[in-house]
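Chain IDs A, B, C, D, E, F, G and H follow the sequence of writing; residue 1 opens each chain.
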Amino acid sequence: MHWTVYLSGEIHSDWRQQIIDGAAALNLPVSFHSANTDHEASDAAGDFLAPQSEGFWRDHKSAKVNGIRTRKLIKDCDIAVIRFGEKYKQWNAAFDAGICAALDKPYITLHDEKIIHPLKEVNAEAMAWATTPQQVIDILKYTTS
Amino acid sequence: MHWTVYLSGEIHSDWRQQIIDGAAALNLPVSFHSANTDHEASDAAGDFLAPQSEGFWRDHKSAKVNGIRTRKLIKDCDIAVIRFGEKYKQWNAAFDAGICAALDKPYITLHDEKIIHPLKEVNAEAMAWATTPQQVIDILKYTTS
Amino acid sequence: MHWTVYLSGEIHSDWRQQIIDGAAALNLPVSFHSANTDHEASDAAGDFLAPQSEGFWRDHKSAKVNGIRTRKLIKDCDIAVIRFGEKYKQWNAAFDAGICAALDKPYITLHDEKIIHPLKEVNAEAMAWATTPQQVIDILKYTTS
Amino acid sequence: MHWTVYLSGEIHSDWRQQIIDGAAALNLPVSFHSANTDHEASDAAGDFLAPQSEGFWRDHKSAKVNGIRTRKLIKDCDIAVIRFGEKYKQWNAAFDAGICAALDKPYITLHDEKIIHPLKEVNAEAMAWATTPQQVIDILKYTTS
Amino acid sequence: MHWTVYLSGEIHSDWRQQIIDGAAALNLPVSFHSANTDHEASDAAGDFLAPQSEGFWRDHKSAKVNGIRTRKLIKDCDIAVIRFGEKYKQWNAAFDAGICAALDKPYITLHDEKIIHPLKEVNAEAMAWATTPQQVIDILKYTTS
Amino acid sequence: MHWTVYLSGEIHSDWRQQIIDGAAALNLPVSFHSANTDHEASDAAGDFLAPQSEGFWRDHKSAKVNGIRTRKLIKDCDIAVIRFGEKYKQWNAAFDAGICAALDKPYITLHDEKIIHPLKEVNAEAMAWATTPQQVIDILKYTTS
Amino acid sequence: MHWTVYLSGEIHSDWRQQIIDGAAALNLPVSFHSANTDHEASDAAGDFLAPQSEGFWRDHKSAKVNGIRTRKLIKDCDIAVIRFGEKYKQWNAAFDAGICAALDKPYITLHDEKIIHPLKEVNAEAMAWATTPQQVIDILKYTTS
Amino acid sequence: MHWTVYLSGEIHSDWRQQIIDGAAALNLPVSFHSANTDHEASDAAGDFLAPQSEGFWRDHKSAKVNGIRTRKLIKDCDIAVIRFGEKYKQWNAAFDAGICAALDKPYITLHDEKIIHPLKEVNAEAMAWATTPQQVIDILKYTTS
């Protein structure tokens, strides 16, 4: 049985790579997918399309192009990992979590103890809370074995 | 035709009351619902239930009790208004928006221009972006007339 | 048993009023709903919202505001009537028909014989093809009695 | 990750082939599918079935036979591209777009600037608007990489 | 709590009236609905619509007009009663039962012992098999009290 | 906003009445529904239907007749309360909880501390665990105010 | 693109084999599946299970065991072919058609002209009516090419 | 056609292995999956995650981690086998059966005659009741051939 895992959220640390490497080292039957994690490329995803836009509409156009990808990744995943870092608003991560909750996709949150309180609604629907990438790997190992 | 509107998000300004008053003044065929907006009561929603808990589990217990209410409010609404203020993480608002998106509930975001960029994924699925409660009232007036 | 009917499509003739009057004359247990049929007001539905926009984005903003209304009307209807006139593209009417087909909402098309051929896919999923408002009234009378 | 793309709409120019060739040149992990694009064969799709029919019923019979194919193509696709040309009613393209919208299938519209206005409802639910096949290829490249 | 009951199938005996009268005598909180039970009117339901048709297409047109009604009756019912008499094919009754099964609508079959065998697939998904209208009344009394 | 509550499980103590009385004393906007709680009548629910049966089939027939009622009660409820007592297998209560979980109906479990361990899967999907009827009343009061 | 076809209905002629052979001769990308077509084995499908049963319950037990298979075949198919012969009630075929209609599975009916009238409701939801196995092969060839 | 079978319930006898061995001996096109059947490991599934917990929350944390696995197993299965032994509450097995019923997954119960009565609601939605692993193998053989 193969498992598809969607890695959502923070893009400023190497948590994705740690999980991917850890799963590979254990030879887990798992595929990982992510939205575009290159911040600038993601922001510019719709720039080549008309109409040339600034501000709200530039963001709108790019977010929709990125949405083509994320919508499929969430629909096709068996498990999502939603990572919240210490900085930035990261509303897209909470948004992805809401979509997962509504579509009955089990998700694991990955965040520090400091932000437990503002994430309480997101965690209420999560299947697990991890504080380190290693714990995510352990959950995947347990789940897929 | 009656419309049910769910007001989600920021609880530190009177945006809810402004919208409710504006709709009442216009006699719009609209009912408004919200999660518990009393911060302390909301945080304590599960305190009377066993097991007595601190930290993560206290939040978990209360968030689940609150979830009984919000889940129905979202399922039963025709329109959601998702408000993001200038402070705090407000991940529960983005989480509600994600649920709305997945359940195909049309939602309006209400926020200042300053936070357009971090809300671009949330706005990509929104039906409208308002910057003032009056604009929300105008949308409700237009939609329900 | 009460029936809710959504009237979609052409806005340049009085077909809506004919159906509404005919149903009223027969005292049918039916409510009618429509998108905003005032063309200019519909095109301007989002003009009061930021950002001030022209061309594609102006249309986008207004179409989304109108979509709040039409999405509910289609979801809540028991029957849709989709009218195609002789002029204009009327892609919104065919678009509504597609939504109805996918949501399993029975719909009646109302159009002249001249445009049978380009509407063949739309009619393949329709429950009836009417050529006059009177025929729609007759179907409603038969269905709701 | 493999992506399935449904190409819907206009059959009088070579836009499909341009997209297919462009994707092949880039070696994208994409499969393309279309309804029967041979106009006469499509119109005659049900002619060999009883009862022998003319006019409305001939169209009906053929449209239903074609529907066996398009219904699966839409249900199985990850992305749809909906092309509107300058001529003809093309209501089947708008109808396909409506089905995609209701089934939450992300779609890209492909059309000239001249017809922005009549397509505003269709574009309000689209994930992107492209004006050239090359832009569609660019979106596919970005999305599937 | 009010219950809506859809009465489907045989139209040559007074089983519907017996059930309706029995429920009324007991003052059960139940509403009954049926397709048009006037055979000739039902067969002619689409005759006033173009194109004038004979044979297959006449039946097709009328069956679709009748389908507007039955589709809603099944979707809105809490319980269906599917009656099979001794004569005729009554494929529409078995067809309605299949729709009920797929939509998870609980249904009761009403038929004689002689036709148990050919109805075994229909009964495998039924919630009860009744042989007399009185038994249906008894089930409704038990269920709604 | 009115709330519908389904009370499922143990029938040997007066927990249902306590909750109903408590909600009435507080004038909560709540309706309560239950399966037939008369054990003998419930076991005999299908006895008047053919074929006369013993053992497995008698149980089967009665359970299906009871299922007509419970299926609607679960589908129509906003909240379920699932009560586990100290005795008996009560697999029907756990079965109801599973249906609630799959249909995304929020449920509260009501049971003593002694049976926490065997109910851990049921509680993992519950929104709250109560140990007394008073706590259920408190949750309903909080949720519906 | 591969297509899965479910062949439902009459078991007393070789229509299934004709379609399978015809598709094989054309090398169509199609797999065929059927319920157990051995009448006696199908009737006895549950005989080895307790409790030993006669009449209604024997049929019930076997029909349920057969239902494990047919439920998956319908859910997994892209196209169903529903065959009605001249003899027998064949309510299971109409029942399968109803399930297909509710699950939005396109189906083709295969029957003689003589039984058009009693099949009018079944045909109203069908995508095509064929009178010979060769016509079914032709539809599959057209659809899958 | 390949079949996926989910084996749920009792973990104190070798019924799973008997079914797996029997299917292998017959070369059936079947894959089997189970939740973690190591009782202690299952109870400890969440122990490595924060916060360190006892009692209710320890069970909660582990049950949720196990739920990541079981949720997918049920969603992906074609058939479930739900085993009830003579001892223990086994509410998780009845809970799984409820999920299967709501998701329309056909399931077979496997239990002794002694517990027919408390399982009558679970059996009312089952497709078959088996008393021995051999009977399950026989059903799988019949269904998949």
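Keep this in mind: a contact is a pair of C-beta atoms (placed from the backbone, for glycine too) under 8 Å apart; a residue touches a chain by one contact, two chains touch by 3 or more.
Protein identities per chain, from UniProt: A, B, C, D, E, F, G, H = YtoQ family protein.
Given the structure is predicted, the values throughout are model-derived calculations rather than measurements.
Repeating the B-H interface, with the same residue numbers in over half of the contact pairs, is the pair F-G out of F-G, A-H or A-D. Pairs C-D and B-C differ in how many C-beta pairs touch across them, and the larger number is found at C-D. Each chain gets one centre point, the mean of its Cα atoms, and the points for chain B (YtoQ family protein) and chain E (YtoQ family protein) are 44 Å apart.
Distance between chain centres (mean CA atoms), chain A (YtoQ family protein) to chain F (YtoQ family protein): 37 Å. Averaging Cα coordinates per chain places chain B (YtoQ family protein) and chain G (YtoQ family protein) 49 Å apart.
Centre-to-centre spacing of chain A (YtoQ family protein) and chain C (YtoQ family protein) amounts to 40 Å, using the average Cα coordinate of each chain. Looking at chain D (YtoQ family protein), one finds that residues 50, 55-56, 64, 67, 104, 113, 129 touch two or more other chains.
Across the complex, chain C (YtoQ family protein) is touched by residues 55-56, 59-60, 62-64, 66-67, 70, 84, 88-103, 113, 115-125, 129 of chain D (YtoQ family protein). By the touch criterion given at the top, residues 1, 3, 78-79, 104, 106, 108, 113, 126-131, 135, 138-139, 142-143 of chain E (YtoQ family protein) touch chain F (YtoQ family protein) in their complex. Residue ranges on chain C (YtoQ family protein) touching chain B (YtoQ family protein), taken from their complex, read 31, 33, 36, 45-46, 48-50, 61, 64-65, 67-69, 71-72, 76. Considering their complex, residues 50-51, 53, 55-57 of chain D (YtoQ family protein) touch chain E (YtoQ family protein).
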